[in-house]
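One chain, chain A, links the two complexes that follow: it is found with chain B in the first and with chain C in the second.
Right, the complex of A and B next:
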């Protein structure tokens, strides 16, 4: 019968044509599901603590695993994690820094160190395991002599540059592997002195990638020169040129007659304001400061030296000052992938009160500080500073001086806090002016580039 | 009579001393102390002063009251007590004059319209007036002494166990409130130190002596830790007639952070802090002290080129406040204006 045949044939060919694609699709889907399932299995296996222990021994040139390892410095209340850390530090000949003072319950998962007990007291100096420049840098960090995200990162890169210059490959070793292994104890040491900032973490990641990406055909001198060149390039591009670009963008946002409020000490914000003033804008600045760090006084001195008109208040007085403020310019320690801004403690408060008074909040941040971490509150990942800093100097400190004997009294000295993205109006980066929520887009573009 | 003249000079000396103490303001007179001393002084004025009728007495009190409030405008309890005494005088006079209590209230619109020129004529002298007024003022003094205990008695109704309570600075009322609750319940307190004077340190030490788990932190961390706080309990300097607060500097930030996290803000304040003033200009009540605490003179190099401010008080609008706990119980901010009409007479709002 002719009639059904062509239809059948038609239907058959359709099915064949559509079916082939359908079958293809089905096969593709099945393959993808298998791949996902395999990945989940490896994820489950890898995310056990044993795997986390195995990780430091892995070569860094292995592909990036999808598993995020929880950093040790937020797992202080986990005795297993602390034991692992102690073993690792012993292996690297880096001393373990003891915690100090009773901690507030909410923050028992973080370290709390005392400035009076630096790490170097437990080391023999000169130390054979740690380069002396690194020891000096670690001391500068832990004593609070070097503060600020950019300053710490720059100092770190300079020290590593010196380390690379002084490095010589031992016989029968490859530079790209041995140098990374040599850097690991230094990084642990610096971490023990003061937890690494996001900018430092990103810089170290870049450096490790550069080192392991060196071709083995290069001679030692050439390789060292190339590394030093890439460090210089990183500093120039990501820090110095980025600061210039941000300053230019921010200049557009500052108008004559503005009253700008700044908080604490941010090298980027100070530079922006000094450049704007040098370019002829007429504005005045209100510097807000808070105890116990009193970093605003550094900003104040810098600005006054350039001839900018300043006012100085404590953070409790912002409700009085805000009605006359036209915009708020803040610096950032890191920008997180969910759009939150991690910055010095008190920044979120300023953003909140500014929002209540309808004053725009602008955050200045270079792209190398963008972090893939996400955080919603200021508790899970933070830093606790020396609690003795809260005690007033002189006779005002009589109340709190005996706080250690008092079992019901605790002192809390937080270093960072997280500002939710809805309180920030604009982020000025070296790529332009973006809203807070575009941070993951920038991160993705950066990852694709690399 | 030499005796009376002596008493008068002693009285005026006392008033001068009080006014000078208020003006100096150095020793941080507590509000309760100021209220008690004001009432004591006014009682003496009524007892020893020369006056014939209620009208003369009220004019005398008003004159002295104006002088005392002018010495330290930020110490509003002085003016509040003067107004309370004036209301007591009016009441006692009314009772003696034979008027019923009802017509004293200016509630009804009808009465307002039909009364027309109802001006109280306080010129009829009544001998028992002096004794009655002094008795009523003694009752007022007793009430003043019991305010902190009355407020503290309500503590257990508002604090449950394992709570995290935040407070700022040093308030005697809040200290008594929390101590009373700590006798039966276990909770944590976070104290914001309130720079630059850091009264929060003293508060924290006192609370920790009662075995309350206390944490002291800098004011910069208020928003950072607010997400874990269950209640915010604060004291205040003054309660304004619209239910707003004039409290220690930093309280507005605390109130905004509490609102952002929907945390209830409870104000513990006795009724003698309620002032019949409305906030007319936002910054007319600001009081500044020497900025020595903010930027010490050791920074002299830049001091001459900058402005430094050290405001002592903050204005907190009523929509950020959840509850007022006072010696007469708990009230919402929207009810404060009614309480005011019970305590003060509208003619006395302007001294």
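Right, the complex of A and C next:
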């Protein structure tokens, strides 16, 4: 509303109805503009860094809806996205890993790397841009020495703990902002070595939130100690205690005389079975395995060492084994917001065939692996492993060895697949035993807590 | 910091006394660059910024390299007969991280990340480089008759993947049989034993190995003592309880610190951090956990193609000189021409395309130079034929000479009309005019006395 007219103007003038001359109105408008500008300036100075970071995200769209960007790692066939990625990596001094070999058309939007061309080829040997512990971790991921959702996340947190310990704030910088900026190139590097898993993504989100939430009054040593404490707390609560809780809940579901079918290698499922055996349940296990990873051998190793009776078959034999199975216990890489289970490739087949034989399918998953993504098929977002892994060593692989020269031959080594929620009967989490459809509720509750 | 680099340049070159009696081995010219330039160039190319060079005072005086890296030159006294492990012990205060040890006589174009990645990924104690050795085919001056048999063979045992080093023994240490421990075969039932591999003397060592060396004074040489010790220790367990009880009284009397590497091993490996969570194992044949719970691991990268020379005999020195003109353009940046800009060559056409000529060298008319390396400040007069030769600095060759497959050291003078074939002329020697020598080694009398 316009400011009230000054009394002298009202008394003395006869020019306009409002009692002010045009020049005076203009001056008034200018004064109002200056006042608004000054107000905006003070608001900008007062605002916290978190709010400043939050603002640009809301700016490009209306205040109500958020624009969801398709992540770059599933846009490999879009040259503009790849150029953006290359520019970002160059800025962060992280080398770009080249793709390898011809891809199957349906998966041409995903990266496919070769294990024989590691990222370290393009980096200097005493690595300066990237912390040496992160380089080591990235190498272990890309060479396949660290496998398994929990193991990768634990190793990641361990390395970040070391990074925080070795970190020192440069002068004129705030720890809460500089440390996040320091971690970004490391995360890009690890992403180039091997796409991040959902568990790692959630852990990184938590860590970034903790760092940004540090109050600026803390000294550097106290802040670092607090961060390391929160990492330890996360590991203890979300991973170790969660595993104990899941083990206890699952124990109720395992009865004497059961025949349990497991697939591949899930640290959680192995631990559950070992605990159940230690607590006196009598059951036997059928371990199902598949090429090329042959991870079931590791489950077999762990179970047999504890004295559990095991049978070992390949996935091609499950329809012969299922008539004698009483329940199927599966691990998960991530649980998606629509209740689908993302797990090692082959899990959805096991769930499908189990449904056909009316065998209950139970999935064990900690809540920190719950993901807000929604996926209805396995094509949209997946990971392509090194295609040369499919070639048998020795004489058996003679036919496939020249696959690159053959233009009509493509090798596909998928890592994950998505099991629809109708095929899963129960999800055992650290919050209890929930049906698949309750996953969005858990996610909502988690968001409210945060 | 991840690595520190150490270049060992204190060795004497005992297998090439003809050459090294007058010039110290790190300064022997190969392709007109001192031998030590090659490992330093390798380190510079892969991104090192600081190098520790262990050498003698004599070499330090003469060392003059233009390199962007910071060289920390540590001198060891000339008279102390120090092995490579002794040198590491000497500088162990400077070493704060894992260390990359190189020998000064290594010329290679290996992609070093292969060796270092093995070290990083498997959290190894030791990682080294080897290449299939091939016999030098060149005639070595001074060798009469058939070639001497190669020095004692090394037996190297690797596992199926070809990366893990399981066994190492030198023929000299064995009586008649090769003894392989049962614990080794139980853990690695398939082992490939190879001979004919040349060790490049390039080692990545963990920091705790350096600490162990500092305390354990009985090891003098890295290659012949430390490496076999580490390879053996992979399959022996730390001192068992029973043994400890037996030694308790002795220990109480002597109060000896344990000289076993296992007491130095620091276990901060990510692979062993949560072993029950990771589903990877290094082997598939039995129920044991990854690496059989062994804390010491040794890895080797065996090069299949590429150059890798250790210039420690005359034959290898000549071979390296032959190969270097092909290698140099890739190493030196910005590219230097093979014929130096300051060289004065009258008949350019008669100089072969793979010959190297140093700066300030004058070459006369009608002089043909093929497949040769000529140092700087030489004077070569007219009508000289030089084929397949290695000529060092400040050499004078008068008119009408003909040299084939010769090695001529610094400051030598070859008078008119000499005809030399397969000869080695020592430094500052002077040959009479019209002398003819085939397959001879001509060195000064004072050098002969050294032997």
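Please note the rule applied: the second predicted complex is superposed on the first by the 385 of 450 C-alpha atoms of A that agree within 3 Å, B and C clash if a C-alpha of one lies under 4 Å from a C-alpha of the other, contacts with A are read in each partner's own complex, and residues count from 1 in each chain.
The working rule: contacts are C-beta pairs under 8 Å (C-beta built on N, C-alpha and C of every residue); 3 or more make two chains touch, one makes a residue touch a chain.
A quick note: this is a predicted structure, and the numbers were derived from the prediction, not measured.
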Which of chain B and chain C A:118 touches, first, second, both or neither: second
First (chain B), second (chain C), both or neither touched by A:301: both
Contacts of A:126 with chain B and chain C, given as first, second, both or neither: second
First (chain B), second (chain C), both or neither touched by A:435: neither
Partner chain(s) touched by A:154 [first = chain B, second = chain C, both, neither]: second
Partner chain(s) touched by A:213 [first = chain B, second = chain C, both, neither]: neither
Residues of chain A that lie at the interface with chain B and also at the interface with chain C: 297, 301, 304
Interface residues, chain B side, partner chain A - complex: 188, 190, 193-196, 198, 201-202, 204-205, 207-209, 211-225, 227-228, 249-250, 252-253, 256-257, 260, 282-283, 286, 294-295, 299, 302, 305-311, 314-315
Contacting residues of chain A [partner chain C, same complex]: 118, 120-121, 123-128, 132, 135-137, 139-140, 143-148, 150-151, 154-155, 158-159, 264-265, 267, 270-271, 294-295, 297-299, 301-302, 304-305
Touching residues (chain side chain C, partner chain A) in the complex: 1-4, 46-49, 100, 111-113, 116-117, 120-123, 270-271, 273-274, 276-281, 284, 287
Residues of chain A defined as touching chain B within the complex: 104-106, 290-292, 297, 300-301, 304, 309-321, 323, 344-346, 348-349, 352-353, 356, 377-379, 390, 392, 396, 399-400, 403, 406, 408-414, 417-418
